[in-house]
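Labels for the chains are A, B, C and D, by order of writing; each one numbers its residues from 1.
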């Protein structure tokens, strides 16, 4: 690993927890340069919902490259983009009766969030954006200002402004509806909260510790924002594309956001792609007012179009829910059996084991890695073991991963009791 | 084009000037869905320095995909990244005696600029960044604050702060050394310019109108920034990777920036990739302090490594300079022959024809498109016809493009004289 | 009133509610140019705690002017300032065992608040300041950013930043301890609330609607701020100088703020004067780092010194409490007798009658003015009738004012029932 | 001086240079507690244009207090304010054909500047304000952001934004018209300078080092701001009220600013008072949108009205010019005779001796104090000896002060040559 230590910045992170040099990957498996295989419960932080290098997408991509399909077009028209738009409308928007215009910003999540924030501010003429405690929306200045993590915020080197964080669902315990607070501040013109352009949220906070907003809470938030003429932005970058079951994470609540951001698993193959959707009345951009070099990255349009085949029928949604149920049951059983103080959280196939002892999640993640499972921690103190397998993982693979978690938990708890003895 | 008008946001821009639906591309040529071919003097805004889909890179990419090389790794180690780092060190850094650490931010230019600005502020503990008139550094909030274009700045919806624009080389005419002004403000603690963390610049402003900073001016800027302990960031996203001849645009001046950003042509194939380089002493990032999902996009590492073969010897640099010279001569001749009031600008293969009559550049660009040449305008009033062919274009293709420009200019001037008559 | 309408800006406010041209004043009484007398329950918004032109201070002031005592010294030393400092230490600080350094900023409240905020940020190296819903701290940019009123905030013309408003005591009803929220945000490094330099508060919010923070709540706030190393600033500009009974409004709670601001009644005669007090360890100002032309306004030092005689013994404090009790009882009786939906609030001699029907307070204020009583409204919707008589008002005068309120209330309620009939 | 050192903050400044405890004052003379007399060439930083405690104003003030004229009215109408407005219109505005509305903000200079900036931003809907190098406008956050002094700016504890400093007249030497730069930035929509709401300037920068803007430069600035629909704010707080000869400092140039601020010598007696004037079309304030407790400080209206008697005829203006001429001649002679490298600057009775050796001004100021003359330094390095006598000083007193300067200069130069020997 010499070249990395020699040349790559200290900013590198995941390589420290998963110190292998990866070479190939397929489905739920990654293989390192020494041929060691790892089961993947991380899915590239939500990029690989359909697994690594899925064959049906791969062949379409290689065909496109082979025939010299155009690679890079900025926002000129291309056959690749045309096909994607048609298919996305047909498979995703129309069946859900969603009437949205689509913008392709630069191909990363933070580009999409920045475009969404800019549009919301431009359309409303207001500066303030409300975000939630423990939100994660990205690392560029606009997105970072709506991100909660204090360590990452400090990296900005400038004060992060024009935003205000309010408590997410459940933040003050189950007996407090945190929206009481937001609504009181909005109703009161003396509250010191300047009427915001928008409220931005993840319906399930992934980095924040697998915090789930209930459907009721989401509906009330939608009502409050409507009543005060505030735009509601759902950042579905990590938990969209089927992660919670439906294609969009907000489907079960029945709400319709004003603006939605997508990226990560959108291309279906790990290629960078992002989009922002918004109600047609909000499409007040002038031509070129927001841009970005790689906003027309055709190989990604090609794979994204192929990936939409997963959404032709209800199979994937059902499968995600079934596998999610299975995993929750196993996790609950583990918690009970080992008598560990932990909460099982999540929806669909984003699940968390939130330990009271904040050291445990990291220890177990490391123990899992030793046993060939890649699994991340989340939460501000890395106190949550976060399960994020690909959606297409087989039940056997899922069980295998859970077995490894169980074994690691067992070993860790033993280690604890031993050291306590 | 129905689906685009129906679904895509009004923000789309280039498609309005070049209204074709592109399908395939090769070398200096693009082909639309109707089979019409276009010679490309735009190069995807600087992304395609080695032309469209160059065969030697394409085959490496297809091999990688075929063998299920891992696609997406965030900042975990991969063989693809390892190879890139080794090769980049060997071919680029070592021969130029550049001692830099490398950070892979999100794969777009603005991600790299944001990372550079954050690091500069973090390391110095200062907020202010000095940028130049007519600079272009990106559309996310941090980058937009150092971008000059008033129309794009207004899109932010919030005031853009912590920055100060000062005049670029030549901004106040040839008799004024604009650095006198910057230096006076820095020397004087009563100037109202808080000592900046960094100065960020493009050595040739591409979007800004093909404005070239002289080597002397760059050296004086380097001296001033050193004297005041201010970091110098060269944003080489558009004019690095050989655009001006050498791999880095600042090579001819002999200066060594503290921080350098690269993207666009870095991957050599139109795949999103970006990096930030900085002096090892500046590598004060904590692990994970800045991140970005697609910061480990392996297919782009693979193509970028292959693209470095262009830099094994001096052939490309010589070729760029020769073709640049040829183009400048032809452009100067046109200006003289047609008696049009215009200035020929540029370095290497980024060239501009800056018209006194600000309407002309757009008219000629449209006339070129009709004749099968894709060529953009630049400058705050779109008053500059910007030549940005791939570096690997043949002399014949270059001449052909220049013929089209000449024909378009001729037709336009005639039209003008006629309407004036 | 021609000259006012002709020449004075539309920004003028109180003259619209109390449209008389005042000429002289004494004690609790003001007299207009036509000789009409008004009983004053407004006290110049808290400036005239000792009444208009109190004789014992007046004679000292005239003596000083007569003997050509120096008027204006900036922050040079003067006998007038020396006497004030000695007396303030002897009568106020020492008996309360308060160990503070004193700064004289410009002589207005907002100058004091700005100085306090600057010092807190400078000493802690943090930017953020937490303020409370419905707070009022002043109209200059720093103070306005910690003020809640949306209408006044909008007057800034720039976004107000580096601050965050949290709910004041009782904001979410009596069953919610609003400090739960603040503490949760401070404990959690992922909350999005960057650790603040300071929390600033009024223990009784005057403009905000006579909202009273309980002693328990203040003590908990003091504990929380201490635990997180956050400075606590008490802005005692309106409710200090005896308004709530003790000289400082926080005395009854037993807390010791890190920084305290005083102005309004400090000079005791309506002359502009302000000060900031802070723990000696916080006195990290460099000489001249904050200044202000009128920071050494000697006539005000002279009157302020004389005014301290009111604090030689406990008479005033007892009198304020007794009169406050009397007024509360009368107000409660009125509410009951007239069956009006209203809450009686306040401490000492800052009292509010908060009406459920937000129109009522303004109507009654106008009716009082017709009957010769000057009384203001407060609260974001002007829904609170605010009683702010001088502390030295006689019981007879107080009763007389309450009689007028009662008569006005009666007339208004009748008017209401009539119009409802 | 024990009590000051014990209780007063380290922020105190002037007392360190002029370490006496002052007791009384009259005309151009101050007397300390030990009976020592000092000739005053400082005039309370421009507050005492009519000298200390001028008899004709003093008697009017004592009369007002004696008859219990109302002291404090906020912005209610008062006879005192009425008289001031009528007299100000009659003596100042009408003869100069100035059509302005008048706002009384809080009674300090920075309050006036904050109100002016807020109004300019509100009316134009723009955030940015352009200020000049070495400007001084006050210490509250809004004013500090347009102040140049880096040491004072750093005291803010937050980045100062929404402003941009550009070079004052003469900043880059006599051969450069600094407005070329500002105009180029305004004409060019790609300059990165967002169109500002306003330009704010002092026609003579007092704190900045007695820098004088020429009438031609002021006229060009007025033309540029008009052409770009930018408001021009003249901050005449220090050099208005006759300091440069005419009542307003901009009279000789013939320009009419959109907004003017006044304070310091406005009350004529050292009592805090400030006003903002603006074109009637700009009076878009809503009632109470900006306020401030001491905005109706009647004793100051009374003295300010009396002070306007100085402007009934041309005597004072002529006298200021004559005395200014006398002083300049003496200073030039000194410079020549002693062979010291220094520049004589100024207009009317604000004069500066700018030394090449930046230590000299401070040394001479101290030497003057020893000889009984109070004279301040100015400029970012305190390199300028600033002469700011009262306008009503007699020629004999002026000559006496100049004699002391000459003696101090002589002693200092000797000391230098001696130490150099």
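By definition in this document, contacts are C-beta pairs under 8 Å (C-beta built on N, C-alpha and C of every residue); 3 or more make two chains touch, one makes a residue touch a chain.
Just so it is clear, the structure is predicted and the values come from calculations on it, not from any experiment.
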item: Equivalent interface to C-D, taken from A-B, B-D or A-D so that over half of the residue contact pairs match; value: A-B
item: Per Cα centroids, the chain farthest from chain A; value: D
item: Chain pair with more C-beta contacts, A-C versus B-C; value: A-C
item: CA centroid of chain A to CA centroid of chain C, Å; value: 49
item: Cα-centroid distance, chain A relative to chain B, in whole angstrom; value: 31
item: Chain B and chain C, separation of their C-alpha mean positions in angstrom; value: 58
item: Residue list for chain A, restricted to those that touch at least two other chains; value: 127, 151, 158-159, 162
item: Parts of chain A lying in touch with chain D, wherever the complex brings them together; value: 158-159
item: Footprint of chain C on chain A - complex, ascending; value: 127-128, 131-135, 146-151, 153-154, 159-165, 167, 171-172, 176, 180-181, 184-185, 188-195, 208-209, 379-381
item: Of all residues in chain A, those that touch chain B in their complex; value: 1, 3-4, 7-16, 18-26, 30, 33, 44-48, 52-53, 58, 61-62, 65-79, 81-82, 85-86, 88-89, 101-111, 114-115, 117-122, 125, 127, 138-143, 145, 151-152, 155-159, 162, 197, 263-264, 269-272, 276, 278, 283-294, 297, 299
